[in-house]
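As structure tokens, here come the structures.
Shared between the two complexes below is chain A, which pairs with chain B and chain C, respectively.
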Partner chain A sequence: METKQSIGLREFIALGIIMIGIKLTDDTPIIYFKKLANSAWMAPLLSAGMIAVLLYFLISTTEKFDNQNLVDLIFTLFGKYIGWIAILYLWAALFTALIIDTAIYTDLISTMYFPNTPMFAIYFLMMVICGFGAYKGIQAIGSTAWAIFLYITVALICALLITITHGQFDFLFPFLGNGTWPVIKESLKAITIYDELLYLGILSTMLPSKKDFKKGSWIIFGVVITEITLAMISFLMIFDYKSIQLLSYPWHEVIRYISLGFLQNVETLFFPFWLVGLIIRFGAYLYLIVYMFGRLFNIKEFQLLVPIFSILVVFLGVIPEQPTFTLPIIRSKLIMFTVIPTCSITVLLWVLAKFKTRGKKHAN
Partner chain B sequence: MPIKRIGLLLISVIFLSGCWDKLEVEKRAYVVGIGLDKGEDGMIKVTFMIPNPEFASQAQGGASNVPPKEIITMEANDLISIKNKANIIVAKTITYDQLQFIAVSEELAADREFIRFIYDATKDVEIRRDVNLFITKEETAEYFRKTNPKLELRVHKYFDLIIDHVQRTGFIPSNSELLQFFRVTEAGSDLFLGIYSTSEKKENFDWQDKNKIIAGELTYEGATGKTQFAGGAVFKNGKMIGKVTGDEVRVANLVNNTVTTADDVLASYPDPFDKNQQLAVKINKLHKNKIKMNLKAEKPLIDVTVPIVVEILSDHSMTNYSLKKNRVILEKKVKESIEKEFMDFAKKTQTEFKAQPFGWSLAARKKFKTLKEYQDYNFQEKYPDMEVRIHIDMKITDFGRQKNIPHIKGVSK
Partner chain C sequence: MFHRQDKKNNSKDKDLKNNKIPSSLNDTTAYIKELYHLPINKDVMIRDLFLGGSTKKAFLLFINTISDTKIIEDSLLQPLLQNKDPLKNIEDIVCVSSIEEICTIGEAVQETNKGNTILFIEGSTSAYSFSTAKFLGRNIDKAEDEVTLKGPKEAFTETVMTNVNLVRKKIKDENLIFEAATVSERANNTLFITYIKDLTNEETLQKVRDKLNQLNPATLQNLSILEEYMDENPHSIFPTILYTERPDRAAGYLNDGHIVILMENSPASLILPVTFWSFIHSPDDQYLRLVFGNFVRFLRAIAIFVTIFTSAAYVAVTNYHSSMIPPDLLMAIAATREKVPFPALVEILVMELAFELIREAGLRVPSPIGPTIGIVGALILGQSAVQANIVSPIVVIVVALSGLSSFVVGDISMNFAIRSTRIFFIVAAGMFGIYGMAVVFAAGMFYLVTLKSYGVPYLAPFTPKYSSSKNVMFRRLIQKEAYRPEHIKPKDLIKK
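Our next item is the complex of A and B:
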């Protein structure tokens, strides 16, 4: 906390969109395709309603307390002890997510792009760079995000357009896929998109004002939901519901399939910037993790914890054997465990904030 | 400070070069085509076609006499371990980075085991899903050896060009890619059409219908390569069950909404004014077919309208088409012939293959709300008993460069 950091609105938006949007390039879409077949794209769209409510709660809570970010809020509203547990939970959830996600991405890079490079080398290098970003702080990460944001957006839009022109609209039918009930059930799981928005609440005081946080969060939310829905539709339009259930990483299969006129191997156009996107995401995760850890145990110079945590992530991340099969299972289990606590934390915060401010008014 | 920075840069150089996965073009042998044949004891025979990069550079003034390609055939268990095994004889590292096509012999394609081997292609990162799949009449090892194109000596370029062009004429299926093969096989309710090719020329061909040819049946004279591309290999549930002629592939292409439409289709139909003559026509499909389905009926109905425009390119009956009456007759008769051709092929798919290559299951999917309802309906099983109607919505737009020619009686007195 010694280094008081600040971040502009556009950097915040770029960071948020890259952090959440990059999920569509890993195996997250497959989790939904496996259960829902060709109606998978509805899950994020349907969950958007619930996420909007949660986001409204979060924003209205943060707006009531100036100069308090999410962690401060939890301490003031939940009290010292329960607040401590709540933050410990948030910290643990994010840390597990970081370990599993970095392991998945390492597996992805090694199977799709560098089959001969030892996985440990890729993992180690990735965490060293992420650690460097996290050590430099959220300001550096945000600026990097903004710097590559335009390119990433253009590349993504191009890829989506080419994919959709290559694809078949007919693959979207039968419209309801495996039926209405599974769609509703899975869309509840898709609320995990909200998790990241909640963690972004930690950055709320670094923005120029709480108004910017409100504006930024809504923009991130809107863009990310459309982005993920469109991407899932485009994957489906290329592969059809049966084939896509067998794939490991649909985005990478898509960019290997499409070609831009005479350019055959377009994946090389996307790969480097996708890598930077990854590093931004995990750098931000790492920063948030050490920040929360610092707050939990009153460590003032929390950024010095970065190297320890990076190394810890590598050593814990290489534990799972046969990562292609085990990690997605662990991850989809984890999703079910995190949805309820994050939702209830948000709702409780909102209710408590309502009571506190009303009480104040009464006293006045 | 500067020393620190330079040190950091130097360290990053070690990592950024990515030495573990470095590729050197010089040290690699790029396989352009893989051939798969049936081997012994459940093994397969794999044939690699490796073009010689040295050969291509001769255009810039190379003088040495290098062969254009190298062909190696080996027994193998799979497509992946064979890469290293091949290095026992090939000096350079084998790679599939530039792979353009996988050829499969008819014998292997008709085998149940084929599906096991072709799925190796999804395991190797170097094989892209837009690789073309084609089926050869003879063993692929022989096919590769006999393919010696004369006009375009670089084999990889030859295959690239011929597939692209024959696809545009509609004689071979336009979506014979691995991606489509896997998709159709996994969805399991349509037929997949693969490109059919051979280097064997039928010597004494028994003419039944001069226009309906399949690879190997085109008789020609002169000195050119032996390889022919025409027709399609029919796959049902990942196994080859038959083949169709080039003209049938054209019909399948025009009736199917889900494939890239061939845009350079020429065909011939009987001349309505002289039964001994044929009319050359050019067929263009402007937009998608209209498909109506009534699946709930006792005898389910599929009603397809194919919108085409036709150019009449020849006039051997020497009819005067400036008369409206003649044009009306022409339009009616040509439409009837095309409709008959389409319907005949549809009937053939119902009786012979018991499934269709027109992608109609996708249109049928729109009639159901959930996948379960659709799967319970079992489209493929019901298809042979369905009533299929194909209509042509046709317009004649053009009559060639010069619209009028003299009447035959006026010239030969």
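Our next item is the complex of A and C:
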């Protein structure tokens, strides 16, 4: 088995955009629509400033240390013990996120498309295939992401275009929804997108150079913010703020609503691309989880852990009853729980790196 | 008991072969007679003679069925017998193109088996081998399996020297190397590793040499069998070595820095390392005008998608996603399916099986009764099956479409690969609808992107990225194809 993996810039960008961009198809938009009504789409846009600062911190920290990815950085800067705890925390957060997200998506697939298929079968198949991807390594996942990137993008652009032409422009007003202050307050919470950018830092050494990581991260950041904002605008234009608050998965409602010429129901056209995107996302998550776990407990051949973790995810994921209602609540709680630590880890890393390199300069 | 006897005989033969050529001609004759089982063996000839001039005793050894007796008579026997000068060297007496001096009985036998003629001389511990080989074979024919509209028509034949000739004809370069290798000890077939010295990557070349040296099969008939030995993933559905019968194609790959293997008895060549795209391309794509060539490529891409997905999509859509179909079409499908007693999955599988049967039967059937297959296939499986309500007409259309499209991919291995992946998709679609298809697709992609052919990623240069002439899905103007494929690591990246 190859333990030293590498990934090209194109593959990295495709992977990042698919991993984070797919968030717009789950219930993330609804969290903001519930609180911000018409102005929900501004949340990602406004939070972009904050995210940009954090991303700048992350990139400049990684650039200072060659051949060190996020995990190495945490170990060198935080020290052996505190670093271990920080990574354990990041690992636990990602693992919980994976369990909840896979459960949400499985619930989504089974309620929206396969009401008669047992949810467990869908869940199990999903984790088997994600496990297969994670076992093959991030290179395989990245290459697959690049291979289908064009199709996913085309499908998404088509869907957005059709949606916007179907929509009502008037639904965007009143522009500020519940007022200026709530918009700003909630936007600050929208920096959850940053969480995933932080985890991409683990891949930074697998890229040809740190410069590529810098370039790739900024591109991913820009594309994802635009994508989510546009999608939220299009949702709003179709449903208006009142009815959208009652929905669970607006993306899937939207693609059921729109039609393309003689084809009345086009959702099945978008469904397969979305599914492959999903597999790539969870495959990458799973890879990162076993990688961090391997680093925490010094397991060299960490990819062998993949089957155990896949099965674990399935069994933990099917625990919640009434997943359609319970899971989003658990998730919004989890987001509140992770935002502050991830941000502070980034800032601390940056500050410590500043001190360390300055100390070195003095010594020289 | 017999086994032991055989083993004894074998080891005895081996001992004999290791012997140096004795100076006594009688001993040599005895050895040869024993090794060739004379006089049971009818075409092995020993021709005794006295050398002209010196009146030394000597004999010629050859197999008259595989050597050119005219050369032996005119260029060997006549000069040897008529020579008057006892001081003249043998090299100066005979007039054949190539002479080699040999020292052991084993070498003599090996040379004889290759059709050469050996001269043993009384009192000498070495012998001479003269090239007199004449193996019979086909003439150069038209390529039958890889047909092109424009471009050269000739194909490789079973005689390796002809094949070498065909390649040399296309690349007149002193750096074009035909490196001989012998794989099987018993069959002793000649095999040529062909490459252009200042282009091909040494590491890959060494890998190929090592691989060839490692295998020691009892017999090795031809390249189709060697392909399996050389394949790094013999269990894989997807081929990683290109088998082509076209010398122009082999020459094209050589010019890009690939390695070509030619072998006696094989009307083809093996090209390695190759990527997925090599199997999808056809030489015609390059020979046709840019737009038409790319149109053909586009058509082929569509055909691959149709082959893989149509049947599966039909199963998925009718079973799980019926809301997707426009109502009129849905009614039409429902009306035809009404009388059919089987589920859509079974229906499709039965028809796919029938199609594969017709294909295989059509291939194996002796040509005089060939037309029967067409009639039976078309009538029984098409019309009658529908009338008997075994399958619905739309299934016949779906299966026929996917079956027909599969033959747009010319390469036989890739054709099989694509047709077999179809089955995975159909079964997955039957169990999980489009979700199952997406899962199989993702699994296939994960597999393909990690597959390698002698260290070269299967989907390169598409992913991972390498600089190349971008001749992947579509091709560009030939003037713009300035680079050799970087993923095979040629010594010289830029075409000059």
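General observations
Methods note: the second predicted complex is superposed on the first by the 362 of 364 C-alpha atoms of A that agree within 3 Å, B and C clash if a C-alpha of one lies under 4 Å from a C-alpha of the other, contacts with A are read in each partner's own complex, and residues count from 1 in each chain.
Assume a contact is a pair of C-beta atoms (placed from the backbone, for glycine too) under 8 Å apart; a residue touches a chain by one contact, two chains touch by 3 or more.
Note that the coordinates shown come from a computational prediction; the quantities given were computed from them, not determined experimentally.
In the superposed model, A:174 makes contact with chain B only, not with chain C.
In the superposed model, A:66 makes contact with neither chain B nor chain C. When chain A is checked against chain B and against chain C, the one touching more of its residues turns out to be C. In the superposition on chain A, contact of A:125 is made with both chain B and chain C.
By the touch criterion stated above, A:253 is placed in contact with chain B alone, chain C being left untouched.
Contacts of A:321 after superposition on the shared chain: neither chain B nor chain C is touched. Once the two complexes are overlaid on the shared chain, A:117 sits against chain B and chain C alike.
When the two complexes are overlaid on their common chain A, residue A:37 makes contact with chain B while staying clear of chain C.
With both structures placed on the common chain, the touch criterion links A:136 to chain C but leaves chain B unconnected. Contacts of A:242 after superposition: chain B is touched, whereas chain C is not reached. On chain A, the surface patch touched by chain B in one complex and by chain C in the other comprises residues 113-114, 117, 121, 125. Only residues 317, 320-321, 323-324, 326-327, 432-439, 441-443, 445-447, 449-450, 457, 459, 462-465 of chain C touch chain A when the two sit together in their complex.
Residue ranges of chain A in contact with chain B, taken from their complex: 37-38, 111-118, 121, 125, 168, 170-171, 173-179, 238-243, 246, 253, 256-257, 259. Residue ranges on chain A touching chain C, taken from their complex, read 6-8, 10-11, 109, 113-114, 117, 121-122, 125-126, 129, 132-133, 136-137, 139-144, 146-148, 262-269, 271-272, 275-276, 279-280, 283. Against chain A, in their complex, chain B makes its touches with residues 15, 18, 20-21, 122, 125, 128-130, 179, 182-183, 186-188, 257-258, 359, 362-363, 365-366, 368-374.
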